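In what comes next, chain A is part of two complexes: it sits with chain B in the first one and with chain C in the second one.
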Partner chain A sequence: MDYSAIFSYMYTEIALVGVTVLALIYDLMAGERGRRHFHSFVCTLMVLFIAGTVVPWHKEAGEIFGGMYVYTPVHGIVKSILATGTLLVFLQAEPWLRREDTRFKRGEFYVLILSTLLGMDFMISAGHFMMFFIGMELASVPMACLVAFDKYKDNSAEAGAKYILSALFASGLMLYGISFLYGTTGTLYFDDMTSRIDGSALQILAMAFFFTGLGFKISLVPFHLWTADTYQGAPTPVTSYLSVISKAAAAFALMVVLIKVFAPMTEYWQALLYIVIVLSITVANLFAIRQKNLKRFLAFSSISQAGYIMLAVISGTPYGMTSLIFYVLVYMVANLAAFGVIATVEQNSGGKVSMDDYNGLYRTNPKLAVIMTLAMFSLAGIPPFAGFFSKFFIFAAAFEQGFHVLVFIALINTVISLYYYLLVVKAMFINPNDSPIAAFKSDGSTRLSLLLCLAGILVLGVVSSVFDGINLYTFGL
Partner chain B sequence: MNILSLFPAVPLLMMLGLWLSKTRKQILAVMVTGASLLLGLAVALVFMYLGMRADGQTSEMLLTDSFMWYKPLNIAYSVGVDGISVAMILLSAIIVFTGTFASWKMESGVKEFFIWFCLLSVGVFGFFISVDLFTMFMFYEVALIPMYLLIGVWGTGKKEYSAMKLTLMLMGGSALILIGILGIYFGAGATTMNINEIAGLHNIPLQMQRIWFPIVFIGFGVLGALFPFHTWSPDGHASAPTAVSMLHAGVLMKLGGYGCFRIAMYLLPDAAQELSWIFIILTTISVVYGAFSACVQTDLKYINAYSSVSHCGLVLFAILMMNTTAATGAVLQMLSHGLMTALFFALIGMIYGRTHTRDIRELGGLMKIMPFLSVCYVIAGLANLGLPGLSGFVAEMTIFNGAFMDNDTFHRVVTIVACTSIVITAVYILRLIGKILYGTCTNPEHLKLTDATWDEKLAVVVLIIAIAGLGLFPLWMSDMISESVLPVISHILN
Partner chain C sequence: MVQMEYYLIVSTIMMFIGIYGFLTRRNLLAMLISVELILNSVDINFVVFNRFLFPGQLEGFFFSLFAIGISAAETAVAIAIIINIYRNMKNIQVKNLDKMKW
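Now for the complex of A and B:
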């Protein structure tokens, strides 16, 4: 076996393992003085890691371990997007990690997050269902620890329990589905399986189970019941990681498997997705309207955003893939901006996360209020912010394949979503408040991450080169 | 750089300047410089356009420029103007200029107010210069969203309700437009989003046109106050601060009419011919219903808002008649209504700023107290009811003249019905003028009030000059418009 191929195609994962191990060693070796620089150490490593992997190393696809692990340039791009998101989460987590009750667990936080990232990378690159499953588990078990990270807080522990139970249930269903696939096709390799899939009843069932497993991860309706509680209970940086990176990875992996493996059953999974999209967008929107806690609010918003992401999946075209990746990127910066504001307000105001607490925020903290507003506008799809462009592209992707009514339903829902996004804006700008959150200065690391997110919101849409760059690689997946 | 791109670029630079400015003086300096620059540019554009036409340039769009933006969807940033858009750009520049002076006395949050105001004008100018479906739609939405904060923060009355209602209804309309744009683009199998090129292809199947035409027309019609989608307009206008009412009623509502004409009818001509009767009925209802509603209102802004519904309904009514005369009248009406409704809202703002009430039952005898404002109010009223010599007459005359040219019973009947709005307009305008200007002053507090200051006079005089100019010398404008309307109408009819 040619070992140089392993290093040259698995460069992301190998580098990520390196970062994780270095973080682990630093945690063990560094003294009290050195631990103060832990944050900058890990962030520097992440920056180097991203800088090294942002441009795909190979222009052509390749596979190693006999097809267990597949490399294509698109995978490289998605992985670097996920890594960038992780870096932003690290930056936002800093003030929380400096707290008395979490500072000694700092190393665990980094290592656990990096392990989930590694799991997602493997899941994305899988060419074999076992590989896929192992990657997914590697991503979800540390995640449960992260959700329960504030273990002395009741709702954090509750959130952890809810997450692990539903994740296990989802994994179980998925494994069951995979066993059906193995039973009917005799293989677990993606490439070999496609030709043996004939749309028999068992395979439809298998596809549905598989979809259910990933649906839990992406938190699509009707598999979303854990989402709101978990998002509310988990520490805010973990929530933002969960709502963006984990969701993005699962959505991309779902699209790859549906297009590649279940290609002969396209009309079945399109029908399935059709229903799930309509439900996800509509139900989540209706629930989001009534939320008062901003983290729960963003939980429902993220469910409905997941529904929009599925619009790109249902198209099943290379162009749909481009718009999915672009949507995920834009959603990431907007959502992380929103969570960044929530996290810093929570840290500096003694844990205020209710929408009423935000009344009059513009008068005391105008910059944060403006960033939050732009994030909401971007999530709602208002030009000239990036969200408008990404929404337009996924609508175009689905429309091109003839899903006219579906796009119409989604569009009507954007109006509903605009209503609740505007409620946040209304709270900050319009609602009067006798005792608004006092003015405070966020720490440098949070400000840096918010600045990066803001730049993303403003630039990603107007400058077309990012979209073109992604589009360059999605053909011939 | 193309001169057209300056129109959205200048307000963007103004936003930057406002963001950097510290004192109230600096803010106003930025606004006045920018607004005057825009007005100067718009006048220069009119002369440039007329000069190019006089030189014998006959292509449909002049000053075109285009560069590829998003290649996979053939989205380009394409600009170009014809007579219709030149007229609209001139209108917008006048209103932005006068709106700046009308909000001269703004007190709280001046900086933020003007930043959002500039963003609104970026959208408006961008919309009128675009000839690419996507870019046009993008600017359309850019123009809508600042309204929420402008009304919600700086408005009066039940501002939160009005702001949310307005934003959601208009965004609902834009959702319809978006799906319509996708329908047009994919339906035509086009490799471009350029409006003229898609129109040139002329290959959208009739069955698809039947679906997309009503959707796009209603989408833009929401902004054009098409009955029954006009309900955002009275509340929104009544709650908005003065300059925003001016810009919104004066320019933004014209985006609806312009879009209906340029996108819905131009790109989906067969369905437009087939289904126009439905919308003709709806617009006739708008025209008459708006006028009747204005008769019974007691709030000055509500009266003017319903009057806007009636007059904007007339714009849509005229373009649906599908002949050059009526369509020219429609564009003239957009101009004329834009100017006079801006004048109205400016005056109402000034009166409200002094008396702190807009209820006509509490006002009276203002002619003696503030003669300048009152005389201007009379002029605005007379323009509104179509007095010859002012812009309203030219526009309505052209419209009804054109509408009556279709010689089948249906068109004749609706024209006659719509004509009654002229009489009803006279009723509510004269009642209003008689009540608030000439009645006796009941509130002794009002006797102490003062007349207009220089900034208010400037805003009002500029608008009156424009109204009278259009009314006294309509031909240069109507020639420019009808020349550009002709190719669109002949495309729709063939």
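Now for the complex of A and C:
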């Protein structure tokens, strides 16, 4: 076997393993003095990693291990988007990690997050259901540890239990579906399976079970019940990671599997997705209106955003793939900006995350209030910001394929979502408050990440070369 | 030789006992055991399909081996979290996990 092919196609994963191992060794070897530079050490490694992998190494697709691992340039792009999001989360996590009660666990945080990222990369590049399953579990088992990271907090423990039990249940159902796919086709390779799927009743059942497993990870509506509790209970940096990176990776993987493997059953999974999209967007919007805790509020907002992402999946075209990646990128910067503000306010005000606490934030911390407002505008899809363009492309992709009613329902829901996003803005700018959160100065690391997110919100939509650049690679899929 | 259908009946029954248990049990460990039933029924499915329908290959056997290994890792994490809950709340009943709702 030619080993050079492994290094040349699997470069992202191998580099990521390298980063993880270096972080682990640093955690073991560095003394009390060296530990103070741990944060900059890991962030530098991540920057080098992203710089080395951001441009796909190969222009054409390739596969190794007999087709178990598939490389296409678009996979490389998605992976570098995920890695960038992880770097932003690291930057935002710094003040929380520096605290007295979490300082000694800093190394664990980095290593666990990097191993979930590795799992997601394998899940995206899988060409075989075993690879897919291992990648997905590698992404979700360390995630449960991260959710329960604040060991002595009841909420964190409760969130961890809810997450791991739902994750186990969902992966059990998914495996059950895969077992029937294997029984009816006799193969687990994506390529071989496509030609042997005939749309029998058992295979439709298997596809629905399989969809459950990924629907859980993306937290679409019938499978969303863990989301709000887990998001609220988990430490804020973990929540932001969970709401963006994990969701984006699973959405992309779902699209690849549905298009590649279940191509002969397109009408069935489109019917399934249709119902799920309408439910996700509507139910999550209605629940988001009544939330008072900002993390819970963003949890429901992220469920409804996941519904929008599925609009790109239902189109099933290369154009839909481009708009999915672009949407994920824009959603990432906007959501991480919102979570960055929440995290820094929580750290500097003694754990305030309720919407009422934000009353009058504009008077004391105008910059943070403005960033939060722009993030909300982008999430709602108000024109000059990136969120508008990403929503536009998504709607166009679904409309093109004839889902007119669906796009109309989604549009109505965009208006509803505008209402609750503006509730946050209203709290910060208009609601009177006698004792608003005192003025504070965020640390440099958080500022840097917020600045990057802000630049993303303002620039990504206007600079059309981003969308075109992604579009170059999705062609042919 | 025992027919394939009998194995599949056993695995299906195990699967749905697992789902029923997961939805009705009020103890975290019992819920975990129910999930394990689901995962084991999947392993039976894979092995049976491989043995009866596709005897020339080993994909199903390997998948079930990996599934067993990974479910062991998941169970270890789940039990660690349950122990943590026990330390915080002094019992592992689901009704105590109601600090966050709606």
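The criterion applied here is as follows: the second predicted complex is superposed on the first by the 477 of 477 C-alpha atoms of A that agree within 3 Å, B and C clash if a C-alpha of one lies under 4 Å from a C-alpha of the other, contacts with A are read in each partner's own complex, and residues count from 1 in each chain.
The rule is simple: a contact is a pair of C-beta atoms (placed from the backbone, for glycine too) under 8 Å apart; a residue touches a chain by one contact, two chains touch by 3 or more.
Just so we're clear, the structure is a prediction, and the values are computed from it rather than from any experiment.
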**OP:** Answer with first, second, both or neither: which of chain B and chain C does A:Gln270 touch in the superposed model?
**Re:** neither
Original post:
Counting only touches as set out at the top, which of chain B and chain C does A:Tyr319 meet: first, second, both, neither?
Top reply: first
**OP:** Figure out whether A:Cys145 sits in contact with chain B (first) or chain C (second), or with both, or with neither.
**Re:** second
Original post:
Does chain B (first) or chain C (second) touch A:Phe408, or do both, or does neither?
Top reply: first
Original post:
Who does A:Thr194 touch here: chain B (first), chain C (second), both, or neither?
Top reply: neither
**OP:** Going by the touch definition up top, name the partner, chain B or chain C, that contacts more of chain A.
**Re:** C
Subject >> Residues of chain A defined as touching chain B within the complex >> reply: 319, 322, 377, 382-384, 388-389, 392-393, 395-396, 399-400, 404, 407-408, 411-412, 414-415, 418-419, 422, 425-426, 429-430, 464, 467-468, 471
Original post:
Taking the complex as given, what residues does chain B use to touch chain A?
Top reply: 69-73, 134, 138-139, 141-142, 145, 148-149, 152-153, 159-160, 164, 167-168, 171-172, 175-176, 178-179, 182-183, 185-186
**OP:** Quick one: which bits of chain A touch chain C in the complex? Just the residue numbers, please.
**Re:** 129-130, 133-134, 137, 141, 144-145, 148, 151-155, 157-162, 164-165, 167-169, 171-173, 175-176, 178-180, 182-183, 186-188, 228-229, 232-233, 287, 290, 296
Subject >> List of chain C residues in touch with chain A within their complex >> reply: 15, 18, 22, 28, 31-32, 35, 38-39, 41-42, 45-46, 49-50, 53-54, 57, 59-60, 62-63, 66-67, 70-71, 73-74, 77-78, 80-82, 84-85, 88-89, 97, 99-102
